[in-house]
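When the chains are written out, they are named A, B and C in that same order, and each has its own residue count from 1.
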């Protein structure tokens, strides 16, 4: 392929975030190349979730610059999908799984756009991709935690985004859900989309992801799993509390 | 008999219907946002707002009342927030302090000012006043096409219908963002929706319904209209559009049934006078809720 | 007249009424403090509104039995029964349906009130000769209160106070940490029930003086005001009692001087005045102290 290089799907320059006077992120530099699948890893309190939220403007940014596809957030919103860690919603809300997925079509529907058979088919297709088509008409609270997580991923799929930001997509889900989510995400990447996920389980990093960003208040290391996901870099990220030997895990 | 019905009952029934539906509509979303008591607070706070507006302008015009009630709502929001921060107490307690004090002030102003002699009195706030909103200029059904008679319709009818129409149209236009922001505020914000403005709009709609309904069903019975039909509908379905539609149906049922029972029920038992229509409407809406709680297919959480 | 009432010199009956209002306010403040700490303040609003059908039905029953119908003890018995029914409905709605508690409170409150209003209009229509005057239960009135009524209110308040005094330790523990209280061998459900019964008691004796619409204020507002003064539960309950008592006492006195005005709103506004004074002048948490502190801090920073 020729032509100018595609801009990074997400780039952060000198990003700093404070909660009150407490610094959570300081001068983070990170660039997420398009068409790649990146894990953000780091110890508890390292600011991983905050990084995603700050990039999306959900928490105030103290300093720094955020660019999506070379543009500010407002211009790129339609190209971004975000799956929060265990969505903080009212599980008793009167919506069904398929209604939740259709919320992902909001940008194409707008306020009064007519919901057509094509929209419904799109929602069902997204549910199928996460293996939830049989549960389309269940009320959202009647699903298990893993099933709920898959529905929220389907909602993100329906958005038709090019960049997927996921906050701990595997936290507290069953094995079936984890493998379903992984294959969907890898399918997205193979289709050219960019995937960025906050991730906890170091042992699965090499199997699931192409690249890593090691984070502890600031970016410690960034790069392909083969070169950046090293014992030395992890030691610097986690200090003395390394939960698992990465080289062992890599095998 | 027919002429009697048109003169005495038609307009109160219509006003009751519009009032019930105008309240039930925003009530659905207030309930889902765990803000049902906000409706309670608003309906109490409306009283001092209307009284002060009346004292200032000397008229009971729609705009003056809306403005006064809006100002009172703003004052109470500030008070609730101030008390919450200052005393470090939960919002429920701060709300309780605020709306009781505002209501007490409203009563005292009303009693002390003599505004009661003209248009407002404490009884209206406590009992509602549906029965008195009659159509004196009517002679029968044919009056519905008689411009002279139509000009004599009680102004509350036009006001209530307009408020309901406004809320219904706004609800229709903003349905999707409202549903989104109510279900998943974080997602709505990530989509770039103005969630603050949406919340504010919802509270404004509820306040508008409360003000307009005040003259018809009274301050406190407005709460029944805000809460009971949506609560009953919630127990009947797991789908939001259906829930809202059902709540409107139950509101209509309560309004018509309540008025008829209050107006004609005592006659069936040989009693001379009629009962409070607003009270009966609230009672009926409560009966609907009780039935839904006992038999509704979705009465329990999944 | 007002000064005389304040100094308890407006005649033996008026004096008794003023003292009853004082006891009521004190009991409401103390019970309200625990209710507030348990975060159940608004439940009392549902209880209060749910008394209205009972008041009406008790009146009808007493008239049917050939009585006067206005006997306070009888009316309060009806009120208590119907409030218990309301409390039961509230429990059923929150335990056995998916409705959130605030919606259930609002529903019970408004429906029972509506039913009560229907019954009141029924009584008006029956024209039993003696106009019932039940409207005074909505916003409260000390006018025309009998000596027996005042004694009943004062006695009820005293009993409620004694019971709170007896149960103050378990009530505090349950409010602070129900889980720990269970470990300590207390039964939170039992003490929650006791607190509800105490609340019901205060609501009942407050019906005549403050009225069912605003009695909730006499439970909440003094407690919130007292929270400004102290971090200790016992002190807070006493301060809340003092503020509530003062509001009741002054409110009854004002009522004696300006007969047309319903007593309830006067007492509620006075209680709120108590909150405003607390918010301004309480040590440590009060606005004035905080303002002075900020200023002193700034001066020191400028000097440094």
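The definition used in the following text is that a residue touches a chain if its C-beta (ideal position, glycine included) is under 8 Å from a C-beta of that chain, and two chains touch if they have at least 3 such contacts.
In UniProt terms, the chains line up like this: A = Manganese/zinc/iron transport system ATP-binding protein; B, C = Zinc ABC transporter permease.
Everything numeric in this text was worked out from a predicted model, so none of it was measured.
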- Query: From chain C (Zinc ABC transporter permease), which chain is the farthest off, judged by mean CA positions?
  - Reply: A
- Message: With contacts counted as C-beta pairs, which pair of chains has the highest total?
- Response: B-C
- Query: Among all chains, which one's averaged Cα position is nearest the averaged Cα position of every protein chain shown?
  - Reply: B
- Message: Measuring centre to centre with CA averages, how many angstrom lie between chain A and chain B (Zinc ABC transporter permease)?
- Response: 44
- Gap in Å, rounded to a whole number, between the CA centres of chain C (Zinc ABC transporter permease) and chain A: 52
- Taking each chain's centre as its mean C-alpha position, how far apart are chain B (Zinc ABC transporter permease) and chain C (Zinc ABC transporter permease) in Å? 27
- Message: I need the residues of chain C (Zinc ABC transporter permease) touching at least two other chains; which ones are they?
- Response: 98
- Query: Among the residues of chain B (Zinc ABC transporter permease), which ones contact at least 2 other chains?
  - Reply: 34, 234, 298, 301
- Give the residues of chain A that touch two or more other chains, as numbers and ranges in rising order. 92
- Task: Over in the complex, which chain C (Zinc ABC transporter permease) residues touch chain B (Zinc ABC transporter permease)? Could you list them?
- Result: 36, 39, 41-42, 45, 49, 89, 92-93, 96-100, 102-107, 109-118, 120-122, 124-126, 138-139, 213-214, 216-217, 220-221, 223-225, 227-228, 260-262, 264-266, 268-269, 272, 275, 279, 285, 287
- Partner chain B (Zinc ABC transporter permease), residues of chain A touching it in the complex: 56-58, 74, 77, 80, 82, 84, 87-90, 92-96, 99-100, 103, 106-107, 109-112, 139, 141-142, 155
- For chain B (Zinc ABC transporter permease), which residues are in contact with chain A within the complex? 32, 34, 173-174, 176-177, 179-180, 182-184, 186-187, 189-192, 234, 237-240, 242-243, 298, 301-302
- chain C (Zinc ABC transporter permease)-touching residues of chain B (Zinc ABC transporter permease), taken from the complex the two chains share: 31, 34-37, 39-40, 83, 86-90, 92-97, 100-101, 103-105, 107-108, 111-112, 122, 126-128, 220-221, 223-224, 226-228, 230-231, 234-235, 262, 266, 271-276, 278-283, 285-286, 289-290, 293, 296, 298-301
